[in-house]
Each structure stands twice: as C-alpha cells, then as structure tokens.
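Listed below are the structures to be examined.
The two complexes that follow have chain A in common; it is paired with chain B in the first and with chain C in the second.
Moving on, here comes the complex of A and B:
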C-alpha cells in the first residue's frame, strides 16, 4: 500500500514541479510584489509595505488610457462578435450542402499568427504618402475622405482594432455555436412546424433557449478574452502602444515589466491584480445574470 | 380540380420563397467568407509584387500580371527569417514533447492510480485552470531573469510547459478506458507504466493527437512570453521576428518582402490545418479557448 501511494505522487511529480514553480509560487508572489513599495529589481530590496503601487497605477494617465481603450474594445467587440457569429451559425445550419466547406474557411483565422496577419490589416488600412490603402479606396468610392486608420484619429484606430479583434475571435465562436445548433433535437422543430409556428417564434421560443448555455459560455469567455487584448493591438500599431494611445491593460502590465518604460514589477503586479479583479467582477455578474436567463 | 391547383400554387410559392431565402443566406455567408479570405489573398498578392511595382501603385491593384519570387529571396537573405523559423521549430517541438510527457503522466495518475490525497490534489489542479496567465507571468519573468536564463531556449520553454487544461482533458479520456483492461493487465503482472504505454496511450491516441496539434498551434503563435524573455534576435521566434522586421526590417520599408515573410510564417500552420482540420476543429470545440 505504501508503495502504491508513493507511485501515484511519483507520476504527478513533474506536473507538480512545473505548476508549483511557474504557477502557484508566482500567484502568491504577485500579491507580495504589489504591496512592496519602491521595489528594486536589481538589488531586490524595497523600503516599505503598503498600497502605494495601486494608487500610483490608478493615477497613471497611461493606465487610465489603457482602461478606457480596453473598456471600449470590450463593449464593442463582445456584442458584435457574439451577434455576428450567431447569425452566421444560423445561416450555416440552413445550408447542409456547403456547411463543412464554409465552416472550414471560417475557421482559418484561428490557426494564423495574430502578429503576422495583423500586418496585412495594417497595410490595408494605412495611409502613406505613396498610397491611401485599399480601405480608403473603398471609402473614396462611396464619396468619403481618406483617413489614416493606423496613425490617424483615435476613433479610426479604435475601429481597426475592433475590426481586427472581431476577425480574430469569430472562428472560435462560430465553431462552438454551430455545434450547439446542430445538437438541438430536430423533433422540436418538426413539432413546431406542424403547429404552424412562425420562424421568428421558433427561433426565440425553441432555438435560443436551447442554446442559451452556449451563448452565455461564449459571452463569458468573450469578456475575459477581450479584457486581455494585447497582441492584436501590437500587430496593428507596433510595440510602442502608449505613444499610439492604443495601449490595453495587459499591454500596460508588460510595458511596466519590460521594455523602454519597464523595470517596475511592483507596478506591473498592481495593474495585473486590478485587471484580475475587474475580470472576476464581470464574470460574477455574468454568472448571476445567466442564472436568471439561461435555460438548462 | 380547383383545389389541387391551389395546392400546387402554394407549394410553388413556398418553394420559391425557400429558394430566395437560401440565396440570401448563401450571399451573406459568401460575403463573410470573403472577409475571412481576403487578408490571405492580399498577403500572397502583395508578396509576389515587385518592390518597385508595389510602390508605384498609388491605387492598389487587385491582381498582378508579373509575379516575382524575389521578395521571398529577400526575406530569407536580408533578415534572419530562417533563424526565426528554426528557433520556433525547436521551441515548439521541445515544449510540446515535454508537455505531453508531463500531461500523460499526471492524467494517468488522476485517472487510474489510487493514492491518498488524490481528490484534493485534483481539485487544486482544477482551480489552477482559472488563474490568468497575466498574473503569473510577472514573477516568472523575474524568476527566469534571476536564473540568468534570458535569451536561452530553457528560459523560453520552461514556463510554457504548464497547461492544466490538457491534463484535465486527457484525464477525462483516460477515465473512459474500461477498468477490466487494467485488472486483466494486473493479473498478467503488467506494471503500471507498461499498461500506460501499451494500452492507454494507443487507445487514447486521437485525444493525444488533438492535444499535440493544439499545443503546436499555441507554441507557434506565442508572442508575449518570448517577447519578454528574449531581446537577442538570435533567439527570436517568428512572432517576435515579424515584429522586428516591421520595426527595423529591410533597411527601408519594403512591404512586399514583409508580406512574403508573413506568408512564410503562416504557411506551416495553414498546412497543418488543411491536413487535420477535422481533428483541430473537434478539439477546439471540445475546449479550446481563444478570444
């Protein structure tokens, strides 16, 4: 018996080592960092314990800009991508013939490198002395003025960021929703059709309640993912996101940690914990709302 | 007579409205397919336009009549693209291989072995799934820096190995293997390790393949950790490499060459996807996350 018990732990040992060193210990440590004032990473000393790091971060204009950007990004991309993917999945469920082909095409962005394809979006939307870019060509065609979406006005940059984010997150949502729609029992639809139920009524009374758990799963993971936006912004606007006014909260954390403005793990920790608290709060609200509305 | 005419008329009307509806659906789905595919088309197109032709186009052309592969040659000679590629390959292969070993062993312990404290350990493992990477990356950065592992493969790989979710996924799959097989193997005095190697792994191969592919995609596209831990271009992975090309690039701004670099680093995963698309999509539907 003694032998057997040791064996189980032996099999777990590698996982425990890795998780302990790179997950559990850092998790505790990040809280300690965030309360150590004036931490110096070179000498590993600090001169006090308190909430100064939090107050610094909360008063840093770059952080406030990052929070604003992230909130706008979340508020736009989560509803748009969820709604759009629902429409597309409903469309897919109506065309059994080409469904697989379309599904495969739609999934392609999932396997592409965010940084690399972001560059394609950049050249599509950028305005340079040599060319206005393809996006502006379309705008001109409809009689609009050319805009630089990459170095231009704030809302234009935000528009491209939202567009690219939606493009990146759609494959996952379409895939999950299509499989949810496919698992709805056909009998319900047949019964409704025998009763002469209208299409919209079938959707709101049968389809939506039956896929509501999936919808809420997507909304919750969508919120979490959008709050962690970072590489999409880097792909479009380069690594100096503060200068482009396009930084996100996660970007702020990494900038504090490393790079030209880096070397402040305490500030980075405080910002990361603030982000974690925001995400946790929103997730809890989501869960409470879903308890009321989700049909299991 | 009149009645049957009515039926026909109604049926024809219904069929027509059905056809109109389907056409609209096809058009809308086609538009989205265009939105998805267009960036890929544009990246390939720009990569085969010559430098002078590209810069001469004030209005971008939607096709080119004189494609050239010169940009690809530039991408491999003017910037160390091959080096980035090789680095990413090494990083991906080692990380995935070590992670698979760790994951298989842990999943086997949870699914098959009995030992005191197993349930508590499993609950702790599950709760670790909720820890966001952003929280732990700060200390990991300090740890790796203090260990003097910046700009080494070891520093890149070690923290990338942990993935609780795959342990959970594999454990669920292992648990579906009938107990009878285990007892039969025990009667034949097979060791646990041999049972894992000869029975469990072959039976659960589809899940193992899925996990491997998902991890390969994750490694190939990873950006944040490599960026923090490497500032020596000799250790850049493709994501950092492409960012470096964008910012310091080819001496002058050379979009066609940049696009050919983008094509080169996108092709391996797209090939992988075309071969394994059923497996990848099924695996992601079961529990991948992104966005």
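Moving on, here comes the complex of A and C:
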C-alpha cells in the first residue's frame, strides 16, 4: 500500500512541481508582498508589515476609477454578449443551408489578433483632423453631432470598450452554444410539438433548461474574463490608461508594477489580491445560483 | 376513432448528386378500425416508423391522404391532430419530475380547453394511476428504471386524452422479461381507455401476441393486413410467411406436375386446378407429423428436446437452405439414432407459393 501511494505521488510529481513553482508559490508570494510595506524588488527590502498597502490602494482615485470601469464593463458585457450569442446560436441552428458559412464568419474574431482588431476599432471610431471616422459618418447621416469616441466623453469611451469586448468574446460563446443546442435530442422537440407547445414555451421550458449547464459555464468564465480585462483597453486607448480614465483593475496592477521609475510591487500585490477576492466572491455567488437553476 | 390511409406515399430526397428519391412509403392504403390495437410490423427500414410519423403529422405526406374518422387531417399540423405519441427513447424531459412531465401537455391547452390547476393535477394523477406510477411522481426520469420511464411516457401521451395513441417500438428498450410484462400492460391500458392505438414493431411475436390487427410491410409496400392468426395461417406471399412465426417457416423447392405437388421425388399432396409449374412450398414447423409410412422422406440430423416439445432438425434434397426444423409434441418418441425420418404433412400448414412472383397459390391440398 505504502509503495503504491509512493508510485502515485511520483506520477503526480511533474504536475505538482509545475503548478507549485508557477502557480502556488507566486500566489503565496503576492499575498506576502501585499502586506510588506514599500517592498523593493531590486534590493529585496521592505520597511514593515501591515495593511498600509491596502489602505493606500483603496484610497487611490486611479484604483477606484479602475474598479468602477471594470464593474461597468462586467455588468454590461457579460449579459449582453451571452444574450446576443444565444440569439445568434438559435438563429444559426434554425438555418440549415448557410449554417457552416455563418458559423465560420462568427468565429473569425476569435482567431484575430486583439491589437489588430483594436486598431480597426480605433479607425472606425477615432476623430482625426482629416476624418471623423466611420461611426461618426453614420451618426451624422442620421443627423447627430460627431462624437470623439477615443478621446472624448467618458460614456463614449466606455461604449466603445464595451462594444469591443462584446465583439471579441462572442465567437467563443456562439461556438459553444451552437454545439450545446445541436446536442439537444430532436425527439424532445418532436414530443413538445405533438403536444402543441408554443415556440416560446419550448424555448424556456425545454431548450434553456437543457443547455443550462453550458449557459452557466459561459456566464462564470465570462465574469472571470471580464474582470481580467486589460489588453482590450490598451488596444483602444493606448498604454496611458489612467490619463484616459479607462484603466481596469489588471491595468492598474500592471501600471503599479512597471509604471514610472521601477514601480510599487507592494501596491500592485495588494490590488491583485483585492481583484482575486472580488472574482472569488462573484464566482462563489455564481456557483450557488447555478446550483438552484442548473439541471443535472 | 377510425384511421384511414389512402394511397399514402412518402419520398425522401436521395443522398448525393443524381441519387434517385427514396420511396419510404409507397402507395399505402388501409383502414384502422375504431378502438383497436394495431401492430405495424416489418423488418427494419421497411417504412413503418415513417407511416407512424405521417399519421402523427410530424412528417408531411408526399401524396395521398390521412383521415381521422371523416376529417381529412392530411394538411393539419401535428399539434392540432390530437395524437399522443410514445417515442422509442420515451423523450421524457430529463429536467422535469414525473408529475411535471405528465402535466406538460395539459399546460399547453388554450381557450376553452384550458384546465384549472386542480383539474390538471387530478387528470395527471388518474393517468399515473392507470399506468401504476402514482408513487413516483416526484422522481426525475433518470431515477427511474426503463419500464417505469416507459409507463411515464404512456401516461404523458394519454393525459391529454388523444384521439389516437401512437407508439414507436415501445418495447425495444426493455429487457426480455419486462417486455413480456409491458406488452400485457399496453394491452390492458388500451382496453381500459379504448383509444385507437397503433404501435410499430419489428418483433412479430410482440405484434401477434397483443394486436387486434396486424399490418405487415416490406420496403414501404403493404404486404397484408388482418387478424394475427389469419395472417399467420393464410400469408399472402412468401415474405409474410417467412416473417411470421418462430421458429421460421421451412421453405422447399417444389413443383406441380399433373395434379401432384412434389418435393423432389416425394409426392406430398394432390392439387386440383393448378397448372404445372415450379413452386415454393413453405411448411410450418408444427405441420410435420412423424409417421413411418409418411410421404416426406428426410435425413435426420439432430433431435432437440425442449421439454414441452421436441424439434427435429433434418434435411431434404429439395430444401432451401441447410436444414429444416419440425416441432412435434414431446409425447412422441423419436429414435435419434436413425438415419432417416419420414413425415406426413398437415395440409393446412403447407403453403404453396408461385416461383414467379412469390404470391400464394390458392389450392386445396388433399
């Protein structure tokens, strides 16, 4: 028995080593840094231990701005992208003919580079001395005033960021949802049809419950992904996100690590731990809710 | 309610370019009388499930008509036909309890058919009691055995009080013992509810044992309809004769020559008013009687004792296939050391068929 468990651990060793060195150790390290005040990574020294880092971060207007931005982003993009993906997947599964073509088209953004797509969005929305951008041309056509979406008012910038995020995350969701819809056994629909079930009732009472595990998987990963947003904002607004009022929590952590003159790893660690706590809480809530509503 | 099918045809487009259309159901005409339990029988791929789907309205007919009593329902969609279906895999909604599954069809009622919550629950309970699952109302389908799921499916199909009950291979997912039990159960439920019921099966024993009427199909074409015993005794063609009965009927090459029916050199019967020709002669296993002076002389291969009866495996030069099987009562003593064995034949169990088109030759054998 002893021998066997030794063997088992031996098999697990590569994975444990890898995860330990690259995941668990850094996590613990970050947790420790977050309580070490004024840690300097070059000299490996710090002044003292306490909660000052947290207090600083929580009182930093840039951090509060980043939290606000991230929360807005999460609250808007997760439901919108999931809902839209569901609609599109339903549409896709109801058109037999051009289904493969459209499936490919909808999947394209997934394999496109984030920064390249960001550039395209910038061209669509940016106002320059030469042109107001395609989006403004459309607004002008309907008689509206030109808006600078990249350097203009806060809500305009947030709108572009949300739109961009939704657009980027949808392909994966559509892919997963179309296969979930296709895996629902055809005879359930036949049985429902014979019983004269209306289309909406079939959707809410049969289709949705049967794909609910997939839906909750997408919502949970969607929340986590949106909380970790950073590169999308950089792609649209450049690296100086604080100036653009468009920073996210991950962006704030990054700025604190590598920002002006060497950075502040202690503050970055504290911010990272706060993000971790937020994501953990939301995920736990999600799982609790899903237990009530997901069947199987 | 009576179901009438008139020249019903269903074609499916062939796969691939220039592939011909597949005729799943070909010019089917028959009538199912009110309140009967009817077995739609045939080998797999013969179009029997397609017929069921055409009757239910889940598939659209290519040509022909479907009547329920005098109503032409050919172009009425499935939801307005008032049919209940029990699917082969039962199609119980896995996320709903047994009770909610049974309630589901009633919750779709609209207008003056709409029921109050209490009425629905009463009817659900009545249906559950009919199929004896009223103790399982709070379970989910995954927590039930195959037989219990089957009953729930029947209750769900019956609860909306359909005009017609359709069952697609209702027993195929059950084990052998449960199958026997459930087919009795289906018979009982049908008798109690008096709903016209059509069930599809490829198992002839199943169809014969509980149906009032069987309909035999092959390759989308109707072969014969009738009471099970009639079809068994008087098959219209060689296919029906071969398809019904276990062990299967024994087929011999025979010929009619000068008013005599011959198997090889053995003259087995005299026939009148039949022209000289080559024929198939099919003999039911129970049509053989052991007799030393019998007209059919065979080589004995094996004697299998089954308890209730004895089956004799033997060969004959005119035989189609390797050997044939005769079943005789176990009270008859058989000498299993003997090399040859002779039989007299029961004239009603000997069925001649034309070699040209395999149809039955109606001739009196003496």
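Criterion: the second predicted complex is superposed on the first by the 274 of 296 C-alpha atoms of A that agree within 3 Å, B and C clash if a C-alpha of one lies under 4 Å from a C-alpha of the other, contacts with A are read in each partner's own complex, and residues count from 1 in each chain.
As a working rule, a residue touches a chain if its C-beta (ideal position, glycine included) is under 8 Å from a C-beta of that chain, and two chains touch if they have at least 3 such contacts.
Since this is a predicted model, take the numbers as computed values, not measurements.
By the touch criterion stated above, A:290 is placed in contact with neither chain B nor chain C.
Once the two complexes are laid over each other on the shared chain, residue contacts for A:8 go to chain B alone; chain C is not touched. Of the two partner chains, chain B is the only one touched by A:116; chain C is not.
Look at A:209: by the touch rule set out above, it reaches chain C but stays clear of chain B.
Between chain B and chain C, B contacts the larger number of chain A residues.
In the overlay built on the shared chain, the residue A:146 is in contact with neither chain B nor chain C. When the shared chain is aligned, no partner comes close enough to touch A:65: not chain B, not chain C. In the superposition on chain A, contact of A:30 is made with chain B only, not with chain C. In the superposition on chain A, contact is made by A:201 with chain C only, not with chain B. Applying the stated touch rule to the two superposed structures, the chain B and chain C interfaces on chain A have no residue in common. Looking at the complex, you find that chain C touches chain A at residues 56-58, 78-80, 83-85, 87, 89, 91, 93-95, 104-105, 108-109, 160.
Those residues of chain A whose C-beta lies close enough to touch chain C in the complex are 185, 187-188, 190-198, 201, 205-206, 209-210, 212, 295-296. Partner chain B is touched in their complex by these residues of chain A: 4-9, 11-12, 14-15, 18-19, 21-27, 29-30, 33, 41, 81, 87-88, 91-92, 94-95, 98, 102-117, 119-121, 123-124, 130-134, 137, 165, 167-170, 172-173, 175-176, 179, 221-222, 224-226, 228, 230-231, 234, 238-239, 250, 253-254, 257-258, 265, 268-269, 272-273, 275-276, 279. Residue ranges of chain B in contact with chain A, taken from their complex: 21-22, 25-26, 28-29, 32-33, 35-37, 39-40, 42-43, 46, 55, 57-60, 101-103, 105-106, 108-110, 113-116, 118, 121, 125, 128, 131-132, 134-143, 145, 158-159, 161-162, 164, 167, 192, 217, 220-221, 223-224, 227-228, 238-239, 242-243, 246-247, 255, 258-259, 261-262, 265-266, 269-270, 272-273, 277, 280-281, 284-285, 288-291.
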